[in-house]
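Take a look at the structures below.
Consider the two complexes below, in which subunit A is the common component and subunit B and subunit C are the respective partners.
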Partner chain A sequence: MQKSLHLDPNKCTGCLQCEMACAWENHRSFTIAKSRIKVFTFHEPGRFVPYTCTQCDEAWCMMACPTDAIRLDPVTGAKVVLEPSCVGCKVCTIACPFGTINYVSDTGKVQKCDLCVGASGPACEKACPTGAITYVDADWTGLDKMRQWAGKTDTNPATV
Partner chain B sequence: MAWTKQVLRVNLTAGTCVAEPLNMDWAKDYLGQRGLATKYLVNEIDPKVDPLADGNKLIFVTGPLTGTMAATGGRYSVVTKGPLTNAIACSNSGGFFGAELKFAGWDMVIFEGTSPKPVYLLINDGTAELVDAAHLWGKTVWETEEVIKKQHQDPQIRVASIGRAGENKVLFAGIVNDLHRAAGRSGVGAVMGSKNLKAVAVRGTLTSAYQIANPEAFFTAVDAGKKVLAGNGVTGVGLPTYGTQVLMNVINELGALPTHNHKDTQFASANAIGGEAMHEKRETDGKANLVTNGACFGCTIACGRISRMDPGHFSVKDKPQYHGASGGLEYEAAWALGAANGVKDLEALTYANFLCNEDGYDPISFGATVGAAMELYELGILTEAEVGLKLTWGSAEALVKLAEWTAVGEGFGKVIALGSKRLCAKYGRPELSMSVKGQEFPAYDGRALQGMGLAYATSNRGACHLRGYMVSPEVLGIPVKMEPQATEGKPAMLKAFQDLTAVVDSSGLCLFTTFAWGLQDIQPQIQAACEGDWSDDRLLLIGERIWNMEREFNLAAGITSKDDTLPPRLLNEPANSGPQKGAVTRLDIMMPEYYQVRGWSADGVPTNATRTRLGL
Partner chain C sequence: MRHLIVGSGPAGVVAAETLRKADPAAEITILCGEGEAPYSRMAIPYLLKGDIPEAGTHLRKEPGHYDRLRIVLVKAQAQSVDTAARTVALSSGSSLPYDRLLIATGSRPSLEKIPGIDLPGVHACWTLADARAILEKAKPGARVVQMGAGFVGCIIMEGLLSRGVDLTILVRSGYMVRRMMNPTASGLLRSWCEAKGVKILTHTQPKGLTSVDGVLQVDLGEGRILPADFYLSAVGVDPNLGFLAGSGIEIRQGIVVDPNQQSSVPGVYAAGDVAESVDCLTGQRGVNAIQPNAVEQGRIAALNMAGRPAAFKGSLVFNVLTTLGLVSSSFGLWEGVPGGESTEVVDPSHWRYLNLQFDGERLVGANSVGFTNHVGALRGLIEGRVKLGVWKARLMQDPTQVMQAYLGAAQKLG
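Here is the complex of A and B:
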């Protein structure tokens, strides 16, 4: 079964534990500037929204890469940047419609979420204290929402 | 090392920014943040200096756990000599600014001197420069942050700034970061204003500025700590759901909610301004005051309130800039703006709170000062002609007007800006100021809770709930239940709380963790992050050392044991209702014992033996 990161903004408090966990996993540093997942604060409406790569099947970044440096990990479905092949041309950052692949000037390579390839699941998911980030069956990311709406239906005349 | 070991020294007079190595001997003796910056301050300034004069210094400081995955590890403090109290001032803030400073490679920024013109400090990792702030002077905190981010085309910059209150040296002006987190108390913002320093803007992207000494042990300790927070009723449920406002009804029912400038100890309308009320849908627009809860950096509790006002409320009807969500009422603010004045209009309190954030001033001191003015008005000492308003108890209109006037120094706002001690003295009734050492009480009555009374009287920064939170044992039963009216054992318990609090305030962690955490939860996190031995005993000794260092600074500043007292109202006028009816604060019993457990003389001076034991 393939899994997906499932982001639920309604549960996010904007604490950035996910960003630190990501930076630690990939850079051995808590510096959130290096995180591949970002939490955005929308001040006026009062919302916190975590956002990262959704691992498109036909990934624009992968197709745009001239050096074939972005590969599919067949186990997780993640699109993974192969650093030795990346030349830092940044074409993928233009191709990605969502902005979730970005250049890292320290390394001269791009980075994107790879679902923590090689580890036992994504670090951001493990660090999230509120369940705003979960790692669930890729075919059923809508299950929670369905359950919520299902709970609101009531067809039993006795209880309506 | 969990420290970056770098200090940025900014001479505002000369316009220079110079890096210097952190004094690691001091870091070992004072840990970080509150303790370490206070050590620097007391070493560098004349204790008798006028807080708003050139010779005072202003230090922004992080702790070793700031900018780490330790739950709540995002705190920073501002340390200076406070203009409200003429005592040591240390104001602690959350938000995201502190961690950013650490990511940029700085443990501490020391500001000295006075800039000839308004400036702000811009830090980009290892580089720092003073930038002209002529275009920002006169702007609010909210405008300042927006302009700086736009100007540098970088929305990820974090900003701590003063609003117009700090510029105008309102004596309880604070420093606000991330729009609504504040180093709020003791007037640290007025010191910043006196130095012509408008803001500190930071972007930090370094990955190797500091390291955790033992990552494996660190994550074990940090994960265990997070589990304790999540499983605790207060930090796991109460705070995220109701914020600190979870306390409003509890404290009121206990008869410990100071009301009408401490004339009363219960507020009949507490229910209308508490945490539960913020959840209720308004009749006017069908929406609740509370939008959501929000976290500071790395915080797994997330007690912060994000509120949205009723756009039809009289205070904001034609002001769309206040119709969006922003930092909502915490317990202390709701009490000071509400119960202290008898105001029960939750929307008016929210608006006043927005203004405190927007223009950078302390809602506790502001609200309590309005309460003192209302009592003077009731007594006929202040008149409508003098104030320009009917200053009657419970007037939301008066509260709102004074909130609009105070930061900008309009009308009677100029007098409110002095704080209650100077205001009451000005009108010949100094005893009506509900303050200690010039700083206003927060939201717990010192008669109803004997230990809190002692905590207020002995706090090094004036009346404060964050220097020894005796509410924990006296109300919540943490770590043990103590009867509110008991005096026995309170001095020793207070000393333990004060020392432990000094450690937490020096670590980079939030004090609110201690609703759930004891030293046994905190020590392993510090031990794993910092190299060397950080045993419980050593940490508590550090806490005690910090407390005594602050005490000695205050003594040298001219504050004595005579100032370790409470307003006569708390000592002589019994609580008039509720379970604590009849109580006065028994400082006469507790203070001598407190001095004794502290190892101080009968005059409240640390003895030589104590000084030697603490290495002072």
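Here is the complex of A and C:
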């Protein structure tokens, strides 16, 4: 069963533990600017919204990559950046309509959530103290809701 | 079913892979007109910089990838297409039959029409062969005159400068990347390049080229001559369509295709830089020569070729460009629309700029310089035709809140 991150803004307190865990997992640094998951602050309703890649079926980033640097992990369904192949052209960063694959100037490569490929589950989920981030079976996540928008603009998913 | 794909760029390769998934029993052949393994032109600037070896430009990295998918690569150019007999004549003298044909031959450099453009020492920067020639000649101190500061002209600068050449750029119009950037964004790019030691001459184009003792003389008129060890032509590209003369396939700016990517001749499809399709925002027909458009059209064409109806939703004009390390992007109707509104932030001292264009309560275009985080959300908002609601006013006040606007208006999370 493929699993997905379920992000629940109603439980998020904006503590940024997830960003720190992600930055540490991937960069061995607590520089949260390098985190692949971001908590967006909405001042008016006073709300925190954690957001990252939904590993969408359309895989806009993977399709657009001109150097075969983004691959599908068959076990988790994650789209994973292979750093040695990434030339840093950034085409994926404009192709992803969710804004969740981004360029890192230090490395000259792009990065995105890969569900902590190779580790025992996503670091952000383990770090979240309020259950706002959970790692659940893909069918449960309400991911379908997130994907609806993508479906509206594309009736022919990349997975044929 | 015999599927023949003319062209081994991103559109052709994605089409072949999609065909294999959709039609496991089909025969799939790709014609590689340059005689190279399928590669990506987008990677050439990084080859020039020395970041990657040639193999780093290859579209697929896994050994045996094409064999595994039973995709046959034939190194030959298409000479002509006989749509009645359903055959393609090859440069090798033989011909190949097809049941479904995909034309994905991409673009070729336009080259300015001036005397001497065929002299040795004049190069485009488009193919791997061009890149090899440039790498051979781009020695420290070499005088390079480059005509054109569009997308290609800008993206190759870093590779050239990294080799220690003395670079002078001629720009016919008043500003750089004028097909992608508004004057403010373009001005930032220009001052950035000049600060890095690039000489840029606007409103300048050569009258002709001559060669004296192996040194090119670039005649700028009024007695002004620039000596050059080599000359780079980067004035734009045209679709590769010459081999379709007499085929009966309707061509305007490019091959006219329907939403299934099928041309005027049943069974013949087109994708990528050669296809003229409909813009998703304006409804106008045109060629949109960008990588994401090419792969999406290749995929849609392949599904239809395999008998699975699929429709291209229309192309969006967008691009991202890195000029000597400065990242810029453009989306949609960045020039704005009549009666529309716009907002911008500009911070020239930090080389940052963001301009948003609205039509009513929808975002329709954007230009950015120095902003890279979450820029994809601009595509999401524009292509998704998202009604911004309260976010319109918030973006007018602070355009940098693009991701928040996307989450709030498109995902209803804010």
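The criterion applied here is as follows: the second predicted complex is superposed on the first by the 141 of 160 C-alpha atoms of A that agree within 3 Å, B and C clash if a C-alpha of one lies under 4 Å from a C-alpha of the other, contacts with A are read in each partner's own complex, and residues count from 1 in each chain.
Basically, a contact is a pair of C-beta atoms (placed from the backbone, for glycine too) under 8 Å apart; a residue touches a chain by one contact, two chains touch by 3 or more.
The structure displayed is predicted, hence computed values, not measured ones.
Shared-chain residue A:C116: touches no atom of subunit B or subunit C.
In the superposition on chain A, A:G99 contacts subunit C only, with no contact to subunit B. Taking subunit B and subunit C in turn and counting the residues of subunit A each one touches, the greater count comes from C.
By the document's definition of touching, neither partner reaches A:I37: not subunit B, not subunit C. Applying the stated contact rule after C-alpha superposition, one finds that A:T13 touches subunit B and leaves subunit C untouched.
Of the two partner chains placed by the overlay, subunit B and subunit C both lie in contact with A:R47. Residues common to the contacts of subunit A with subunit B and with subunit C across the two structures: 45, 47. Against subunit B, in their complex, subunit A makes its touches with residues 13-17, 20-21, 23-24, 27-34, 43-48, 106, 127, 129-130. Considering their complex, residues 67-69, 71, 96, 99, 103, 156, 179, 203-209, 215, 226, 230, 240, 291-300, 302, 304, 306-308, 324-326 of subunit B touch subunit A.
Against subunit A, in their complex, subunit C makes its touches with residues 10, 14, 18, 21-22, 40-43, 45-46, 51-52, 56-62, 291-292, 295-296, 299-300, 303, 308, 310-311, 313, 318-320, 322, 327, 329, 331, 372-380, 383-384, 402-404, 406-408, 410-411, 413-414.
On the side of subunit A, the complex with subunit C involves touching residues 9, 38, 40, 42, 45, 47, 49, 51, 60, 63-64, 66-68, 85, 87-91, 93-103, 105, 108, 146, 149, 152-156, 158, 160.
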